[in-house]
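Here is the structure we will look at, set down as structure tokens.
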Amino acid sequence: MTHHYQCNGPDHTLSRRRMLGALAGGGVAASTLGIDGLLRPAVAEDMKSKQRQVLFIWLDGAMSQLESWDPKPHTEFGGPFRAIPTSVPGLRISELLPHTAKQMHRLSLVRNLHTVFEDHSRAVKPIQRGDPKNRGVTYPFLGSAVAKFLGPGESRLPPYLHIKPGSGGFHYQDAGFLGARYGAIALGDGKPPSHMTRPKSITDEADAARNALRQKLNQRFRKGRREAEIDAYDYSFSSAQQLMKRKDLFDPSKLTAKDQERYGTHQFGRHLLQARRLLEAGVTFVKVTMYYWDTHADNFNLHADLLAQFDRPFAAIMDDLSDAGMLEHTTVIVLSEFGRTPKISQKVGRDHFPEAWSMCMGGAGLAQGAVVGKTNAKGTWIEGEEYDIGHVFHTIFRAIGIDPAKTEYDNNGQPLPLANEDCGPIKELLV
Amino acid sequence: MPMRRVFPTICVLLAATGAIAAEPLLHRQIDRAVAKRAGGPLAGPASDAEFMRRVYLDLSGTIPTSAEARSFLADKNSAKRQKLVDRLLAGPNYARRMQEALSVMLLERRVGKNVSAKSWEKYLRNSFAKNKPWDRLAGEILSGEGRSEPSQPAIKFFVVGGRTDQHQMTRDVARLFLGMDVQCAQCHDHPSIDEYTQADYFGLLAYLTSSKVKKNPKTQLAYFVETPLAGPLDFASVFSPEDKRKTGPRLPGKKEIAVPTFEKGKEIDQPAKDGVPAVPKFRPRTLLSEQLTSAGNERFKRNSVNRFWYLMMGRGLVHPLDLMHKGNPPSHPKLLGQLADRFAKQKFDVKWLLREMALSETYQRSGLLPKGVRAEDAPAERYQAAIAKPLSAEQLTWSLLQATGNLDALMKAAEVKDSKFTFKDYINGRIPLPADIAETMLLMTSVFGNPPGEAEVDFAPAVGHSLYLLNEPLLQSWLKPKGGNLVDRLGKLKEPAKVAEELYLSVLTRLPNDEENTEVAEYLKRFEKRRSEAIGELAWALLASAEFRLNH
Amino acid sequence: MAAVKQKPTPSETHLSRSLKHEAQLTCCRFSPCGKFVVAGSYDGSLLRWDLSEKDAKKDSKTVSTGHHGWLETLAFHPDKKRLYTADSWGKLCCWDYTEAKPKLLWSNDAAHDGWIRTLAVSPDGKLLATAGNDQIVRIWPAGGGKPLREMTGHERHVYSLAFAPDGKALVSGDLVGRVLHWNTSDGKLVRELDAKPLANRVKIVDGGGVRNLAFSGDGRHLACSGITDFGTSVVKGFPGVVLLDWKSGKQTRLLRPKDYETEYKTKGVFVEGLRFHRDGFLIGAGGNGEREGALWFWDPKKVDPTFQINPLPGSRDLDIHPDGTRLALVHFTANGRGKNGGNGRKSTPEEYRCHHGIVALYEMSPKPKAPAGG
């Protein structure tokens, strides 16, 4: 079994003392994720002022940069589609994203990603872990890391929820060395986990009384022991109870017809609308996965279909986050494991291409309407500076108020950088 | 509070008997090695209650009954711990416990219809009941073709869902029997682990590549048979595709086996007959089962003892279990070697190995950290205090049933014939509560087990688990008074102290302390108008506590 | 051209000539006069080869530009003078193809919003129909100008069009297997036909669709082609032609390659080119890569082809020469690093080039015997 302790600032002793203080003093489950006091005391104040949140959209299988963020119309590998103007003067993206085009003043593009992994099995996890240097430990996924840094916030809801097609569950593997409780609670098809309703035979009073007993037992038991497992277990109950209190978040009858029309009733539309509800409720990190982007055959027809499914709900959530003032504190990220080959295959597909691809991010903590880096006229190579996923992680962490230059993880006493130390933030995107 | 006590003299006595043998008793070697690398004070010995619960869970897969707990705690015999270990190893639940633990480890909750779960479980259970040497059992699993009856179910290891291609089989054989996760080495040498080479990977693959699932069209019986292997395997790194290489079957660190060439049509030893597939002359997987499990294969020995050690101690000497390589050295290198050698010398006697581990002070150490030592200063790999292990879904099921006193009734319930029970149907309210132990186990493993293909090593408390414990009607039904079950028994006790004692012994295998006695009394008083429900809630609180959820 | 009608012998089909273009080709047609074969390309150009040029070494290719994106559809007017082309940016062009180099007669930059997937000319030459990703079907006067009729009803991309031989009906096929029957004279929807086996819902994505529509000369059959059981990430699917009885609108049979279940399981092959021969049999072509293609000859009364040629390079389109004995196919040939696309890792920009396109001319007649003693 592994034992996981808290992430520390540059001053280990101080941080550790603070951490222990928090755990011993509070004792109850809420304090086990009371991280704001444990990490980088200097920023704690800023972070308290506004709960930071993240919307992370994972396009699994790899979206083609040429049919989206970095079109090369009417060139050797450009494909059939046009590029269209956007809300940012001079910036053009693929015609397959007409609604997103009107949101580009709230978003930025990175067009010079050069990563190393070229197949799914080796790319999906390392990309979401920021591809740190190998130190014999498993790094957390972005969502687990952010859950660790920011905690559940005032909502007390689980900080890392993952809306995905198919089945739900608990994806503790996402957490890596941070330990299971920072894993993702996966909501299969956006639906809540089972067992969300308490049997009628148990009254509120009885429920409170039995849980108070349970917590007392745990407090007694944890004294003098390694407490990580005990706290994680307790935390799983408090998360469960918080989720049960917010069953309304999953109630389809609370959706307006207008929202359903704007987001669409297709899978990704429903999932992104669910994501908005969770973000509104204060969930720290909401990941939404959309599959089936691996278009080795018939790339253009399939991308036309997939991007249409992505475009409208994505534009809708950007509008909604902006209208609600939430973009002030919500960072939005759209990412795949790599891009797709410029060269059009004999199956009219595009294959895997980590050499020169793009991503989109924006919202809180990031420049908006910016374009970082460029590829050559045919989209085959990057011209000028290149960024790896490590740079992206540095940038995201900075955007949510964590500076990897000043903070590190403490894995059982082993200090570990938050992000690949060969990389730094993408300066053009920092605000 | 758990009592601090000195180790019983039994260890000393044992040491004296051991002196007759040429080699020191293994459990002494364990303790010496652990003490040497403790790097700080060691925790005191576990209390009888702590020890009993732990050893019951580890060797019989369930907590004891309150009656068993009472009698053990009252026993004044200084050798009672050793006696308990021996009793559990000889007891009927030992084989079931090992079958459950090894099924989870080897199949990783994969399922498949080619071999029924029932027959695989029976096969494993019989193997452990007979204390089949581990090298033989592993050999049967690796070589099984499903031709002969007794070991026919052994092929389940290879024919479960998700292991249907030879690459996945190669990876899993390497992980589970050699402690090597060679996945990356499929396409090129492992980028971060110097020892896992692509040649190793293909050497292993060459043993398995010609094995295929076949079905007897008449009997529908599944086979996992070898077909003629045309020659060595070609491979090339994706980084240097021009560098084409070849390998025959080869174990990591061992010599390659030449693939014999036969004249066309002469590769077969016995032709197919009556739906039974043919037997080729050259059968590399049979060779694999012999070579891999031989005492000369250091990796196999080490991986084996490391995995049994993990089962008992909660953490592998090499951890993660499948990353056995120079960059991830064992916490106690010498001890790992000693365990491996002695296990082989003892003819891979599993009971002997587990017994030695259970008799060690290391195993019998308290889970409470030594006074003044902070958790972060006593990392798990130093074994300064006992490491808490999560109860597996199976241990949890048996223990919940045992604690709530519903086990006997459920075991007596008629088996549901051709059960259609599925987790999905159940949670969606389409079918009623589980009606027999198999359905109950299916529900519990669906909630508390990992998805197929994901190893269960670390404790992974999930919101789904907690929601289940908070709200599952089946659990609630176990907490209603019925025919001598726990809540029924407690309901008949008048005195709060008696209630508390029976409750704590039944659920947590220990006596309540003063604070807990008071708590129970106050709870009963507060809810005296609904006493039976209140007792159920008290029991629930204990069942939902970390102390119950962990094997500490 | 031969005045006497020649009888084709599909079983003797053989390659007679390959015409090359440096970019991938998407479509091809013989001119009604039989003198030219034309093709459209991923580089947006219109290629024309003069087949009367006997010297195969002399490249008679003309390249006409002016389109953007992909030129994926073209159609000849029966007047033996005009050729229509359209591109993926919505531009429609009309050329006099008989000139030394095709001469642009007129063009419409915004005939559709975006990708025009298909063109058809009515048998009497009066009308031109177009359709594409904007889901609209338009009927234009053959001489250009404003559309005469604009038909909406498709809810997904429209891939294929065909006029019935009597010219009274126009059919259009889309991504989800709907085939709509329009009245040519007033643009009214007459009925909806069903080619649903060609609609492939892959989890959340629609793939496949009615890639081609072809009427038999007697107007009895309408053939719709594409793929069934399509998969993309793990490429799979079976080529298929849904044959409809035009009168009843009912599906009569689903034509397949021979042994399609074993031969095509992991190839993801569509029936991309589809033509009825005037003798009543149906020719289909399709495939991917250099060896995963085939030519199938079906008797509309049978599911299995009466004859098929494979492996061939995978074809994107097919046409039958007016003489009835020759075929044109377009396919890709591997070029540069990365046979099937590749990711260009470690290759130089010179090596990293698009695949080539080929117009392959086949003759459905016995191969001329090699000169004796040669």
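Observations
So that you can tell them apart, the chains are marked A, B and C in the order they are listed, and the count of residues begins at 1 in each.
The rule is short, and it goes like this: a residue touches a chain if its C-beta (ideal position, glycine included) is under 8 Å from a C-beta of that chain, and two chains touch if they have at least 3 such contacts.
Just so you know, these numbers come straight off a predicted model, no measurement behind them.
Chain-to-chain contact here is organised linearly: an open path runs through the chains from one end to the other. Relative to the centroid of all protein Cα atoms, the closest per-chain Cα centroid is that of A.
Subunit A and subunit C have centres, each the mean of its CA atoms, that are 45 Å apart. The centroid of the Cα atoms in subunit B and the matching centroid in subunit C are 61 Å apart.
Centre-to-centre spacing of subunit A and subunit B amounts to 34 Å, using the average Cα coordinate of each chain.
Multi-chain contact residues of subunit B, defined as those touching 2 or more other chains: none present.
Of all residues in subunit C, those touching subunit A in their complex are 23-24, 42-44, 68-70, 72, 88-89, 114-115, 133, 157, 175, 202-207, 209, 232-233, 235, 268, 288-290, 314, 332, 334, 336, 338-345, 349, 352-355. Residues of subunit B that touch subunit A in their complex: 183-184, 187, 191-192, 314-315, 319, 323, 327-328, 367-369, 374-376, 378-380, 385, 387-390, 427, 451, 454, 457-473, 476, 515-516, 519, 523, 526-527, 533, 537-538, 540-542, 544-547, 549-550, 552. Interface residues of subunit A, counted against subunit B in their complex, comprise 1-3, 5, 16, 20, 119, 121-122, 134, 136, 158, 167-170, 172-173, 180-181, 183, 185, 193-199, 201-202, 206-207, 209-211, 213-214, 216-218, 220-222, 224-230, 232-237, 239-241, 243-244, 412-413. The touching residues of subunit A, counted against subunit C in their complex, run 61, 73-74, 76-82, 95, 118, 165, 266-268, 290-292, 294-298, 301-302, 304-306, 309, 341-355, 380-381.
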